[in-house]
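One chain, subunit A, appears in both complexes that follow, with subunit B as partner in the first and subunit C in the second.
Then we have the complex of A and B:
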């Protein structure tokens, strides 16, 4: 018959070999490995100032017959510290959830018990399957001034601890960040960026409980953010972007009337529209064509350049020819 | 209830709801400021729990989402009429306690009282629009409450203002529900039904 025992880190542990007398001859093993006699006091195994690595299966065998006389599984751990508890409503007005964790591990199994009281009424917080340390509650009443009191108790074989949170219905409302944030340049507008997003999918009724939004943006090369608060709508056009600079943009949400701002959304990047210089475009195309060929240089047909529609008007031919000649000269240099 | 469903009635309802939402929003902001000033002036602990006081309409409601439009309007109206009387009483007590010494708080109370009265009237307009009879106010109002000690008066005042702040948020939500067009008729949901 195997036993299980829990001991605190740093404790002194004495294991008896079942019903064997103190002066009996025995051999102790840990996880199948013999333990040196220096740890024995008669037939008792003495472990001083135990540490986590000493967890394992301890077995005691009678000296001559090698019969197994006693077996125990030792688990070294700590009593729980005060747990960290958080409650939040990201789906107002449906309800709220609470989640918790231990600041430091105990290395042994813990059980968590949560109680929620609203005034004098006990409420049941239903545990979520995933994630484990979380439970949710449906609001039975709305607009109540009576506070909620949530107590979380954590217990293990070595001790227990608890923490309490008290809050009112409005204070814990915090939506999830906006979703599907998209930022695009606005054609023919070198200083504009169009940003759009969606309400977080966890917010159940944005029509009756509208959200307002906070947009922040900055060019990558600068540290300071610009901010815009928007009381409705899920899009905005930035009109003061620096031309040609890549921007980083984020959005946050808040219920229009109560609670706190969400975390910032995933960041998106965008660069305002810039006009493509026409001659640079054609040169780039020529360079690509010539670098691909390994045989002797062949001047690209000028019709090809002009066909791209990069230039217009009667002066075009002259420009095309000139461009062709310039590029031809350069290409000869590079070969 | 044909009048309630006509396009002009629907437009008027939406207009009244939007204005009501703005009124309630402003009222709430002012009540929150007043609450801060009141707590400080009266030397109270802002986090003190105040037991539900008799005569103060509680904003807390179960199954809020299932209420009909008429229920919402009637409950709101009853609440703001009660607040009108309670605030008037607080103003009176304030003047008795401090005379002119605390004119600022008195002015803030009076300003909120004005907004509460205006909002009550606004609710009556909405009820009239739905061809609902506006319930008359009971006689001279509620019977005069028993004389409270100064400290009890202060705690009561705290309770009144806290519930009023909650009501202001609830009213915004209620009016948004009312303003929603119903899918079939285009009328607001629940308003055509009898309570």
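Then we have the complex of A and C:
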């Protein structure tokens, strides 16, 4: 039967060929490849200062008969370093979740054990299927004066390690960022942008536990942000935008009274409304300018037909010219 | 021991004071007419929470280690149960009627105020006494404000603590360390109550439309 052994990186490993005598004649293979006799001490295989690449299946065969006498799977790894643990309540007052990871891989299987103590009570943190390395707890009581103590222990064949977090109920409250952030220009207002968003869907009770919001915005061409804090409502109109400049906008959320700010939402871009440009690169321009000055509301449909950048070739010019005539005709009718 | 006796006397005085009806406060709100602002009460709790942070820092430093260590997390002992706890079952808290919600706040702060006043008489430094006195005055304002909201909604004010006052020395801490533990828990419960009240008044805000009226807070000379 095949064995399994775990060894530390840098260790010296001695493998015995099962019950064979020290002076028996044997051949060792690793993953099917013969191992040179220089690594043998009698029938023992000596591996000094093992590294990760030496993990594999080691087999020992009796010299003449080539009977398989011993087989083992060697896995080289490290004992676990202190794990990194984080606990957060993004669904207050329902409960909180904890997630963890190892700062460096061990290259061998690890098991994690998490314990949560609240005062004298042991609580069960239910492991999530996805993502792994995460568990959640439901609050049984609210407004507790006693801290929660979470201990995470990680164990593998080569050792164990642990870390502990102690916190108050209100200290770990951090909502998810606001969702569905939308920014739109405001018609006929060249310095305004209308921003709206929604409460994060993970926040279960915004009625009793209202969120407040922080909005930040800047034109793409500048580095410094402008900030606005909003204590209620899920929309805001920016009134000091630079005309014609594209803006980048983000929103963050926080419980009105406790905890910390969420991460910033996904960034949205928007440019304030600008009056439609009246210059075109065709002959029709001249006709248009005269008609446009008398009836400026006609300008937009014209530019749709004659896109600034698309005027190439006589065909397009003809269309533009015709459109210009039509526009002129209509404007005369309206005067 | 002398310290035990003075603690006992203070407890007795405190219980006696607490049994006085808060009726003078009622006259104040009746003069102002309809509806108190729940929003204002909410704002008061936020202000007090802010004040408490400074006060607690100073006081815990005065108590010295381990009380002023951020990791200090002692188990809750039976004697600490005298201080009203804000901790409540989640579903129970959700299901509280407006009356019950307000009454719980009123009772808690009335008692906490009592305990704080006892503390005020005992602390060493002048700075601490000054801060405590200021905080007590603000806390009294909160009690009056809650009382005002209750009256305007037609709810009766909760009666004083039930039963006869405890005999002097009954609840005295047997030693200096345990006395400091009492103080520690008092501040902790106060902090938790202020944080809970913000949530209580958020809920009330949605259910009861606020009527904005200015509340004159007169010192009642306690």
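Definition applied: the second predicted complex is superposed on the first by the 278 of 335 C-alpha atoms of A that agree within 3 Å, B and C clash if a C-alpha of one lies under 4 Å from a C-alpha of the other, contacts with A are read in each partner's own complex, and residues count from 1 in each chain.
By our rule, a contact is a pair of C-beta atoms (placed from the backbone, for glycine too) under 8 Å apart; a residue touches a chain by one contact, two chains touch by 3 or more.
Quick caveat, the model's predicted, so the values are computed rather than measured.
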{"item": "Fit or clash between subunit C and subunit B when superposed on subunit A", "value": "clash"}
{"item": "Which of subunit B and subunit C A:224 touches, first, second, both or neither", "value": "neither"}
{"item": "Touched partner set for A:53, first subunit B, second subunit C, both or neither", "value": "neither"}
{"item": "Which superposed partner A:145 touches (first subunit B, second subunit C, both, neither)", "value": "both"}
{"item": "Partner chain(s) touched by A:104 [first = subunit B, second = subunit C, both, neither]", "value": "neither"}
{"item": "Dominant contact partner of subunit A by residue count, subunit C or subunit B", "value": "C"}
{"item": "Partner chain(s) touched by A:38 [first = subunit B, second = subunit C, both, neither]", "value": "neither"}
{"item": "First, second, both or neither for A:64, with subunit B first and subunit C second", "value": "neither"}
{"item": "Contacts of A:120 with subunit B and subunit C, given as first, second, both or neither", "value": "second"}
{"item": "Subunit B versus subunit C as contact partner of A:257, first or second or both or neither", "value": "both"}
{"item": "Overlap of subunit C and subunit B interfaces on subunit A (superposed complexes)", "value": "93, 140-147, 170, 207-210, 257-258"}
{"item": "Touch list for subunit A against partner subunit C, complex", "value": "93, 119-120, 139-147, 149, 166, 170, 207-210, 256-258"}
{"item": "Of subunit C, residues touching subunit A in the complex", "value": "46, 49, 71, 73, 75-76, 85-90, 93-94, 185, 188-189, 192-193, 195-196, 198-199, 202-203, 206"}
{"item": "List of subunit A residues in touch with subunit B within their complex", "value": "93, 140-147, 170, 207-210, 257-258"}
{"item": "Contact footprint of subunit A on subunit B as seen in their complex", "value": "25, 28, 49, 58-62, 64-65, 162-163, 166-167, 169-170, 172-173, 176-177, 180"}
